[in-house]
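One chain, subunit A, appears in both complexes that follow, with subunit B as partner in the first and subunit C in the second.
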Partner chain A sequence: MARVPTRVEAVVILGAIALPWVLPGPYHRHVLVLAGLFTLMALGFDLVLGYLGELSLGHAAFFGIGAYSTALLTRHLGVPFPVDLGLAALLTGIFGFLIGAPSLRLKGPYFAIVTFGFAEILRLVALNWTSVTRGPMGLPDIPHPRLGPWTLASELDYYYLVLVLVGVAVLVTRRLLDSTVGHAFLAIRENEELAAATGVPTFRYKLIAFVIGTTFTGAAGSVYARYVHFVDPTALSFYYTVTVVSMVIVGGQGSVAGTVLGALVFTLIPEYLRVAERARLVIFGAFLVLAIVFLPEGVRGLWRPGTAARRERVPA
Partner chain B sequence: MIALVLQQVVNGITIGVVYALIAVGLTLVFGILDVINFAHGEFYMLGAFLTYSLAVRLGLDYFVALGLTVLGSAAAGWLAERFTVRPLEGRHRFTVVLSTLGLSIFLQNGALLWWGPDPREIDLSWGARPLIVGGVVITLLRLAVLATGVAIILALTWFIRRSIWGMAMRAVAGNRDAAALIGVPVQRVYGITFALGTALAGVAGGLLGAMFTIEPSMGEWAVVKAFSVVIMGGMGNVPGAVLGGIVLGVAENLGAGFLPGGTSYKDGIGYAILILVLLYRPQGLFGRRA
Partner chain C sequence: MGSGGRALPHGASVSLLEVEELSVRFGGLVAVNRVSFAVEEGTIVGLIGPNGAGKTTCFGLVTGFLAPTSGQVRFRGRPLTGLPPHAIAREGVVRTFQKTSLFPRLTVQDNIMIGQQARLRPRVWAALARTHTQQLELRAVRERASEVLELMAMSGVREVPARALSYGEQRHLAIAIALASRPALLLLDEPAAGLTPAESRRLMDLIRRIRGSGVTVLLVEHDMKVVMGVCDRLVVLDHGQKIAEGPPAAIRQDPEVIRVYLGVSPASEAARAGRP
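Up next is the complex of A and B:
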């Protein structure tokens, strides 16, 4: 179902393409690359939280798996660029299946905690399986991607690569939500028992959403490893999960626009807070609490306040 | 060999009692407020620093410092509930997860800013004196930690079973609306429960702080261990959390002592228990299926 983009969407797309030229200089572009990667992660995460109403606290693990996959594939096997990205996404999806299949039998806080547990175990494996991961020393010298005659090396190259991936993820999410699968997602989110009673195989759909979400995240990890040339166990740290959860909840869950907005806000704020140096994360923590307490509908609710319908998006 | 196993078991029980204190605080808050407090570990960390400041910097007696730590941690918890949990009442439960995560980032990095990253120690001159019972060595400090921990758990059990606030807490846990109808001040019960939970975490920090080094990041692993214990015991189940704490303490010490590569994966034992219990017995090892 090819749909002609609306005027607003066209402006957003053109704006995204023009953005690195409006904000010149490598530093701003670097921040934009990070924002794009986080957007990709957040889109995958929001499939589970925003559309299925389950909070996964293990998302950093999938980012890490994507990053380590690309590091190992390029360093040991010399796998060329788009192939390693595809394989990394696929491998992450397989891990997503293996972790999601048992975890999604649980709900609410139990699901949140079990995904957290899986992620921490994988982090410990990355830290301690030194013969493969070199432990805390990490894997250096991950080459820049080469595409025919071009080498993607500058912040600008990476920005457009990430932009393409975000575009693909948005399209996949849209298509999915417009399909029967998407309708099943909404049915599950609004009332899982009812959905199950009317014959929706709820578990299977949850697993589909989870696996697709993890592949997005794995792709983000893969590009991240290329971008920084290096991966170590901190790629699996809980900090990434918290950041992504913040992006989606503060941005406004269950909406692509809210997620993108949240990702921008939560990349820009910690980056620009670097001027505060050691107080940076103290301010960030306080900001997070204040944002949640004072923005009940996320950043997105700021200019469209008070619509009760939107508040009902995720059942309390 | 048997003496060695026994030694690990005794060490495990000592640590396990402290794990139990942390976990009981977490499970109380979950059972009564229906909130997972991700900042729980930071109150453990703050408790350790508070005891350190009072006992080492101000030179107070260790046990006096511990008592003051209980009060300080309770006050901090009361404030935290007031400003990060209560405003989110009636909102989606994930919002509370995120606000307590924000609080955790705030407190941990605040501690880093205030006290710096260097590890601190509470050095008690009497603590290292060993007692030997049947081939098992236990230092006076560990014995004191064990005794204090057990005393607190007994006092808490009395509080929950017999005191008026304990009854109010149980009433709210059972049926919040019915409790409110018969005049239980639900909000105040929430505040008291949260304060009680953080006081338990704080005193646990003061106790383990005398055995290990104190640093701003110490709350991270504490909250994870507390999760495993709470899950093992069944969420919201206080006696389950006490038993779970001791089981985890012993399992970790035996694992580190006897499994190959045990020390590097020692912290993984908690996660493994957590996942296995959640997948196969989500109501907890000691709970009944709801």
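Up next is the complex of A and C:
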């Protein structure tokens, strides 16, 4: 329950604002937008893995729901920004509730498998419900968001939009953790049985965290759809889940800073490794293995309590 | 199972905890078989018996971790049967566990802070809006933690992660966590297991002090010195059935209890069984 000093926070915020000017050019900024979107997803994902100790393998589905929501809302109903963003997050949260309510009654690998199953079902729906989703052809021509006289179109615009959303997600996460709700989360992660014995309605809190986490992810999906103008069933692919799982585990579960760091590293490294095209995935794989070997709590935290190593204070 | 007409074991006044004809069956095994007993407010009651007698199972049934096949548990006259564990904790019945009854990676102080959920009503919106009430609640939680640390003489280790404590201190912390939410009834599952004689004496003092602060205690324990030393009443289980109940002095002499514990019943052996 330690707090990062506000001076550090200020430096991080200023750094994030300055980053696209340090790394100018559309390509770098494009990578930064992706990193921001992954950060948003990873923050939502970490609420469940890092604070409640349950591994959800269906996270990509929520990204996809957010993306499709915005695509359908803007194309058919002309819903303006940021209403579509809010609705996409809300709809994703509702799906989070519907999927979380049955699956969070399971634990460990069972929960992981069931969430994976739900995600695959949703992907197949997106692929086959052609009258709505146009199947593999996807939904094109999603307009750029307009905000009054401005149209958000450039990489830089999107970067700051994503940055604001990440800021909101960090704030929400922080406030939850710095409260007695956060105590309940911690109790569940550290010892679920004892948490119940000391009065924590464990299932209810898991569901709350899951729904909040899915709304973050839905928001990321919504902005992604706007950004690339297009959404198809690959937005729900397992690839996104794996990426986010890697980010959070290597970055550090149960730690906002670790999650953000993990998301950055895991977007930037594979992108910048493109200079060594053939060796790219090999280098990336080696990096993953090393990270897991030298951050063993990452592996251990896979099924049960997320690591708290970073949060611990040294004995006085 | 109508309970209306049957007299309770302890007459007219309602006991704090009433266990009535409680049974649980795991497949073919009847782990607890029609066990009834009552715990009066302000007493220390020991649940004893050989390994596999059903003591811990009884705890699980009372605290909602296991569902009884039949029978009832009532607390202050209200049925607990069917409630989930967290709801039972919120009624004021908090238990410890034999193993890892703490939050290992958190500091002692954080352990006691997060152990107070039973008397809190955390609201997500209040946390997000950082309302005044929420801030007050957090402060109250911190203050209560200091109070419990003081009471348990653990202020010196408040910043130490729970898993870095000595075994004896960990057992102590488990009780501190359970006490943090001011329960009316504290259920201790083998609190003396693995303690040194000095630690056991400290534990006995502690249990008496807890009772002195108005908390009723029900404990499962193997250490006869502890059981005989602190308990006002004992309930003896064997193979899931209650075989005796009464004050320690009477239980010590009970031929059935002696038989169960020693397999024989010479009076000389019996005396040794119960004596320090």
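Note that in this section the second predicted complex is superposed on the first by the 281 of 316 C-alpha atoms of A that agree within 3 Å, B and C clash if a C-alpha of one lies under 4 Å from a C-alpha of the other, contacts with A are read in each partner's own complex, and residues count from 1 in each chain.
Please note the rule applied: a residue touches a chain if its C-beta (ideal position, glycine included) is under 8 Å from a C-beta of that chain, and two chains touch if they have at least 3 such contacts.
All values derive from a computational prediction rather than experimental measurement.
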### Message
Applying the document's definition of touch, where does A:Thr198 land relative to subunit B and subunit C: first, second, both, or neither?
### Response
second
### Task
Report for A:Gly108: first if it touches subunit B alone, second if subunit C alone, otherwise both or neither.
first
### Query
First (subunit B), second (subunit C), both or neither: which does A:Gly285 touch?
first
### Query
Where does A:Ser246 make contact in the superposed view: on subunit B (first), on subunit C (second), on both, or on neither?
first
### Task
Once the structures are superposed on A, label A:Glu271 by its partner contacts, choosing first (subunit B), second (subunit C), both or neither.
neither
### Summary
Going through subunit A, the residues touched by subunit B and also by subunit C turn out to be 315-316
### subunit C - residues contacting subunit A, complex
63, 65, 84-87, 89-90, 94-97, 100-107, 110, 113-120, 122-124, 126-128, 130, 134, 137-138, 141, 159-161, 164, 177-178, 180-181
### Summary
Touching subunit B in the complex, subunit A uses residues 49, 55, 102-103, 105-106, 108-110, 112-114, 116-118, 120-121, 124, 128, 238, 242, 245-246, 249-250, 278-282, 284-289, 292-293, 296, 314-316
### Message
Could you list, by residue number, the parts of subunit A that touch subunit C in their complex?
### Response
1, 172, 175-176, 178-184, 186-187, 190-191, 193-202, 208, 212, 305, 308-309, 311-313, 315-316
### Query
Considering the complex alone, what residue numbers of subunit B touch subunit A?
30, 36, 83-84, 87-88, 90-95, 97-99, 101-110, 112-113, 220, 224, 227-228, 231, 235, 261, 264-265, 267-268, 271-272, 274-275, 278-279, 282
